[in-house]
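Below, each structure is written out as structure tokens.
In the two assemblies presented below, chain A is common to both, partnered first by chain B and then by chain C.
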Partner chain A sequence: MSKSNFTRRGLLKTSAVTGAGLALPTIFTAQSAHAFTNEPTGGTVTLGFNVPQTGPYADEGADELRAYQLAVEHLNGGGDGGMMNTFSSKALQGNGILGKKVEFVTGDTQTKSDAARASAKSMIEKDGAIMITGGSSSGVAVAVQALCQEAGVIFMAGLTHSNDTTGKDRKANGFRHFFNSYMSGAALAPVLANAYGKDRKAYHLTADYNWGYTTEEAVKASTEAMGWETVATVKTPLTQTDFSSYIAPVLQSGADTLVLNHYGGNMVNSLTNAVQFGLRDKQVNGKDFQIIVPLYSRLMAKGAGANVKGIFGSANWHWSLTDEGSKAFVKSFGTKYGFPPSQAAHTTYVQTLLYADACERAGSFAPCAVAEALEDFEFDGLGNGKTLYRGADHQCFKDVLVVKGKENPTSEFDLLEIVEVTPVEQVTYAPDHPQMGGAEATLGSCNNGA
Partner chain B sequence: MEAIILQILNGLDKGSAYALIALGLTLIFGTLGVVNFAHGALFMIGAFCAVTLSRILTLSHTIIDETKTDFLGNPAKVEVPYVHDIFGVATGDAIIDWAVPLSILFAVPVMMAVGYIMERGLIKHFYTRPHADQILVTFGLAIVLQEVIKYFYGANPIPTPAPQAFTGSFDFGAALGFDPNLIIYPYWRIIYFVFAAVIIGAVFAFLQYTTFGMVVRAGMADRETVGLLGINIDRRFTIMFGLAAAVAGLAGVMYTPINSPNYHMGMDFLVLSFVVVVVGGMGSLPGAVLAGFMLGILESFASMREVLAILPGLNQIIIYLVAILILLTRPRGLMGRKGVMED
Partner chain C sequence: MLGLEKKDFQLLLVVAGLTLLAPFILNPFPESSGMAQFNAGYPDLMQRFVIFGIFAIGFNILFGLTGYLSFGHAAFLGIGSYGAIWMMKLISLNVIPAIFMAIIVAGIFALAVGFITLRRSGIYFSILTLAFAQMSYALAYSVLTPITGGETGLQIKSSDSPLFSNLEEGEIGRANLFGMDMRASFELNIGDWLFTFNAGYYIAAIAMLASFYLAIRIFRSPFGMMLRAIKSNQTRMSYTGLNPRPHTLAAFVISGMYAGLAGGLMVAMDTQVGPERMFWTASGEVVLMTILGGVGTLIGPVLGAGAIKYMENILSKINKDVLHEWFAFLPDGLEDLLVTIIYPFIGKGWHLTLGILFMLVVIYLPGGLVEGGQRIARALRGKKANDEDGPKASTEPAE
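Presenting the complex of A and B:
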């Protein structure tokens, strides 16, 4: 008869210890042999493009992916070089990054924070991505940025407009090229005061989530500073599709201007509903009723069709800009894909070049070295004029476009016209601005991972 | 007072969509005993019938216009619709402008065919299976259908405007003696409500006053006995599935000018429509219509600024709150029949 010490209690203990060991994310344990997370050792370096490939922003994600593929092609010396030819920094040689051929993996954010984190984590842990970039929503950007901070990789944000990304939720490993809500408000207000006067009563409809709040706050503050009065601010559920019950009472409130702090499908539907209700044909307080969409996107404008005509908004970039960088990018992208790039494509392409350039200048892929190279980096030739990557909050400061829905579009891409290029000085703010999280907002320490 | 009238109007058009979808759902449940989670997808496919017809009407050939340039500086390619070539520019534009109403003619046969294929090809195999299986298979089907639509039409909403003649809004305020501009309502939404009322009336009349309808009602009450009388009730129920699909499809067609259609719109309506059916009473057609309008109006009232100031977030839960209250007090729903889904 054999005697065994294999007891139920012992088995449970062993299982618990083994389980805990296995459950500990490899992200924090597997890199001990390297100086930093996913240090490239062979002849290639892998970038992780995390974009919405399914879900409501899939078309925007597809355009981001096109831009990323174009950027990789240019970095590896293919194509016509695009904006690498106009970029003020000449560190990029067209031989990959630091001599290593650029490869990429893609993830699907689904425009859901948990899915985006899962795909970013998988690209870091399984595919060895050294940098994560992309996204089409601020909720996703903030979530993935926090993950990259913990994992010790650089996050180059895609389309994210909420103040919080580089405001209260800023991180040392995260960088944003795209503009933000504060900048939209600061750029729009003078143009609106000029076009519609300083005596206006505004009614805000705001998407009930992070981006909506910061945009409402920014536009409200900047228009009130111009003399406008805010009659009401109403939060609308993110899942809302029919906005009639929110739009119908607008005229009863005595407002003569409707501000739609909506993006994506929300924007398309609320604007379509507002135009259906004939708001723009009405006269209130002796003035023509007006509608404003603080953040425009060409892809969304396409969804709203003729309803965008004459409506003011702001944008980070537009393909009709005539500077050398924009022209080079439009030519490169247009020749490859047959249509002009969106602003989402532009910002993601630029972010990829900026990351690669920072690695070259730092002479390293180590996140902290790259971050240092990006901090307070001044550049030009990437489509927005002179730009500063501010070290204090990792936000790019550059000119902002005020745009308007075009009255007579000549094609399905020609939906917006640039009304004004607002100079960077007008949209610059202090890093501890109250809308940006105040004095408590800090980057924390840079994390190299391993 | 103006605010109340306005929200009732709002509720009526929202309720119209709920009622139309819920009517189809109840029709299928009442006849075939199937819980059809793909019904929202039928609404969405109806909307895309309108998109498809407007794309067919705007099918174009390209000519090179040397006087203009495209975004790369090359001579511009100008799209000329074939209807311009066939009917002339003015008539061609008028036809394109009326794409949505014309889509009704297009959508009825398409939707009946889709319904028929869906029922014969997939759902009939699940008649004797538990409701949970039916829900899983139809929900899976809904996801497949919406992904197919996304593959062909993309993820962005596609603007599908109403004819020019119906743009703008009617000033009820001025008509009722209030100040102008206080109660305005878009013409197309008024048309939507009238259209829904006509369709609902037609379905009820069809079931009430035709021999076919009488047999179907008899089959709903006692399927076995009707079968024993030598009537092929299964065939009639399949036709009813096609009819329910057509009702959902028409609701979708007419909805396109209200909100630009996208692949996900069916799911947005599906859950609410199920709540409508449950509140109305499983298997009750008048209950579905009544609950559709009631919940539509309540949802509108809950979205009022004055209400939200007191109870923030009420607009997002009102329908479910009412559903809980009604089910607590009347477990079979407002007009539910005894014995339905109680086995």
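Presenting the complex of A and C:
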């Protein structure tokens, strides 16, 4: 043994002191100086914008970030005010939120739940963010929503379309403006019945993950309800890039309609493959073969190019809408960045305004007060017509767009045309709908943290 | 002390000092200063430092000693995490059983994977482990959705009521240690400085110190010597009548259990698991950590883990606006120029910075950051200590 001054007694003493020192902090945590997590004390309030800046959805993330910056500018009284002027609630003054200047921090979710949570945690713990928003995948949204529930801050979901976000994984501190799989299915079914008839045989290709499952379930349920038959549902790996081996069996199955429950790059590849196989020129059961893409986005339409022409899908919002809110938003976004916003940009911009407005109306930043102000809040003028933030599951209920790939696009942004605006009544469901986690799903109680 | 040589014991003490005082060391800048951006002393990141430290220490036992480059180590981290979260969902919200479950599950899985993959060495071994990890990832992502929650992952929900817990109806369970919440923190305000002492961090830090101690013992043991022999010349070892397989398998399992411990701690600190924890990039990350810090050194992997996690969490959060704020005092043209030059390396460009750092380290400091530290120390001590220090370092008889 080496010589040293450490004795058994000395070590015991030191460890006792260290132990006491370690135990000490927990005694104090019970009483805290703040009424809720990250209560803003100075003249500013910090929002956390947590978007994918790298990875497969980086394009969406970049557009979301642009919208957030625009929203902050408008909240602080800069720019032309955008949708603040058309918003039915007039609580926002353009002097920040509750008189405090809005500041923001950004983070990279990498479209991974772990990274997204790490980034959100650092915003909450280090930067003192009072609200977290963003994300462009449902896995991330669910993970970050749960984190915000635990930490006691509000989560305003960005681009997340899976039923689970406000279904079985709903949380009292989390809110979603974007529509979901159920709504897509419910909105699409009648349009499809009109266009393609009521006796079709559908074949589903579904991305093998959570969002794919809920979308397949929703589309299947609503098309079967109007008389379609589902021939087969086939799961495809998320990392698949060549779908030809999945397309070939479609024709042999006797199906006359192909539903692609794919998003992003998956959809671009599968649709391209299907078109290359000549599926759309085929005749099955005496009908023209058709392809359907339940969730559309402009970036996907861009990726698939000419292949999207005439293909039906659904969307949350599109910049070609002509209501006052949409026009104001497209104008101020276009002035600042030089091109029209995507639906991801729209939903995140709206979420930021809704949060700020709820704070103003509640007169407080306390998450429970804000949540109360948002629950069952009815508003208009934010681009989707009359909208309800339902209190039972924190999901927005509004009209859903059924869109179609444009036959003659005039620019790289003008790829989709609106076929029909499905009224909100048609896409509304009960909070305990089986697709939404059934009766078991609860919001829990809201958490103020600290 | 503690069965360690003096030098190793000093190293352990230094590491212990650094980890216990981390809340001070990592928060050197006052809150209101612009440099506060670089403070890393908030609970989540401190926890990540030590947890990934454990992961890298474990990886280094395999890679640093035997030379077997496992490219699928994140699988053990993920499987440990899933074990831990199920333990919390079903049995108890106490972190201790969850962490033990994580270690055991990861250990068993490592035994199975090691038994198969260790039949090959070199690149074939790496590819096999990579294949296993990707298989686990794919299974967790889709096929095993009922058990793993698929893409969404698993969390503790209000509907979970573990066997040993007294949660009220609708209350969401929280990880705790005999009633102490992992997220409980004590904040110390000194002037403009804010230091956060977090319960979860200290528990992870103690686990890290224990792992570090165990790693030193393994490095210095006859078993460790055997592992080094495998690395230097496996054929010769076989010729002398020793069978390397049981030793490599033992090292593989130990290393897998370390990863399981890290996974369990991650769940204990933040009760959520997602499958991308097992993705191959996560396996690659631990290789980077170890090489960046110094392969085969004791402290290296911990340093490497710290460096990478720091960049991921701090550099990635600097955005263009922050840069403009920093250089606001410069004339406009110059400000824009500087921002344009620096911008690709921060924010979403942090991978680029990491890549450059990695290349520099591999090219100029093959021994990793540890070698850098040694060179600096040598340069500082300069000529005066040249003679006393030189030859002694290598050969000291064991006591």
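A few comments on the model shown:
Please note the rule applied: the second predicted complex is superposed on the first by the 419 of 450 C-alpha atoms of A that agree within 3 Å, B and C clash if a C-alpha of one lies under 4 Å from a C-alpha of the other, contacts with A are read in each partner's own complex, and residues count from 1 in each chain.
As a convention for this text, a residue touches a chain if its C-beta (ideal position, glycine included) is under 8 Å from a C-beta of that chain, and two chains touch if they have at least 3 such contacts.
Keep in mind it's a predicted model, so treat the numbers as computed, not measured.
Looking at the shared chain after the overlay, A:A58 reaches both chain B and chain C. Contacts of A:P237 after superposition on the shared chain: both chain B and chain C are touched. In the superposed model, A:N269 makes contact with chain B only, not with chain C. Using the contact criterion defined above for the overlaid structures, shared-chain residue A:L147 touches chain C, although it does not reach chain B. Legend: residue contacts after superposition of the two complexes on their common chain; A:N210 is shown touching chain C, with no touch to chain B. Once chain A of one complex is fitted onto chain A of the other, the partner contacts of A:G334 are limited to chain B, with no touch recorded for chain C.
Contacts of A:V419 after superposition on the shared chain: neither chain B nor chain C is touched. Once the two complexes are laid over each other on the shared chain, residue contacts for A:K121 go to chain C alone; chain B is not touched.
Overlaid on A, the two complexes show chain B and chain C touching the same residues of chain A, namely 54, 58, 235, 237.
Chain contact summary for the complex, chain A toward chain C: residues 1-4, 6, 18, 22, 24-26, 28-29, 53-54, 58, 105-108, 112-115, 117-119, 121-122, 125-126, 137-139, 142-143, 146-147, 149-151, 162, 164, 169, 208-211, 213, 235, 237-238, 440, 442, 444-445. Of all residues in chain C, only 1, 5-6, 9, 20, 39, 42-45, 48, 138, 141-142, 145, 150-153, 155, 157-159, 170-172, 174, 180-181, 183-186, 196-199, 202, 270-272, 274, 276-277, 279, 312-313, 316-317, 319, 347-348, 351, 399 touch chain A in the complex they form.
Those residues of chain A lying in contact with chain B across their complex are 54-59, 232, 234-235, 237, 239, 241-242, 244-246, 248-249, 251-253, 265, 268-269, 272-273, 276-278, 281-282, 284, 299-300, 302-307, 319-320, 330-331, 334-335, 339-340, 410-411, 413-414.
Looking at the complex, you find that chain B touches chain A at residues 2-3, 6-7, 9-11, 13-14, 68, 70-72, 76, 150, 154-159, 161, 167-169, 181-182, 184-186, 188-189, 257-260, 262, 264-265, 268, 299-300, 303-305, 308, 312, 315-316.
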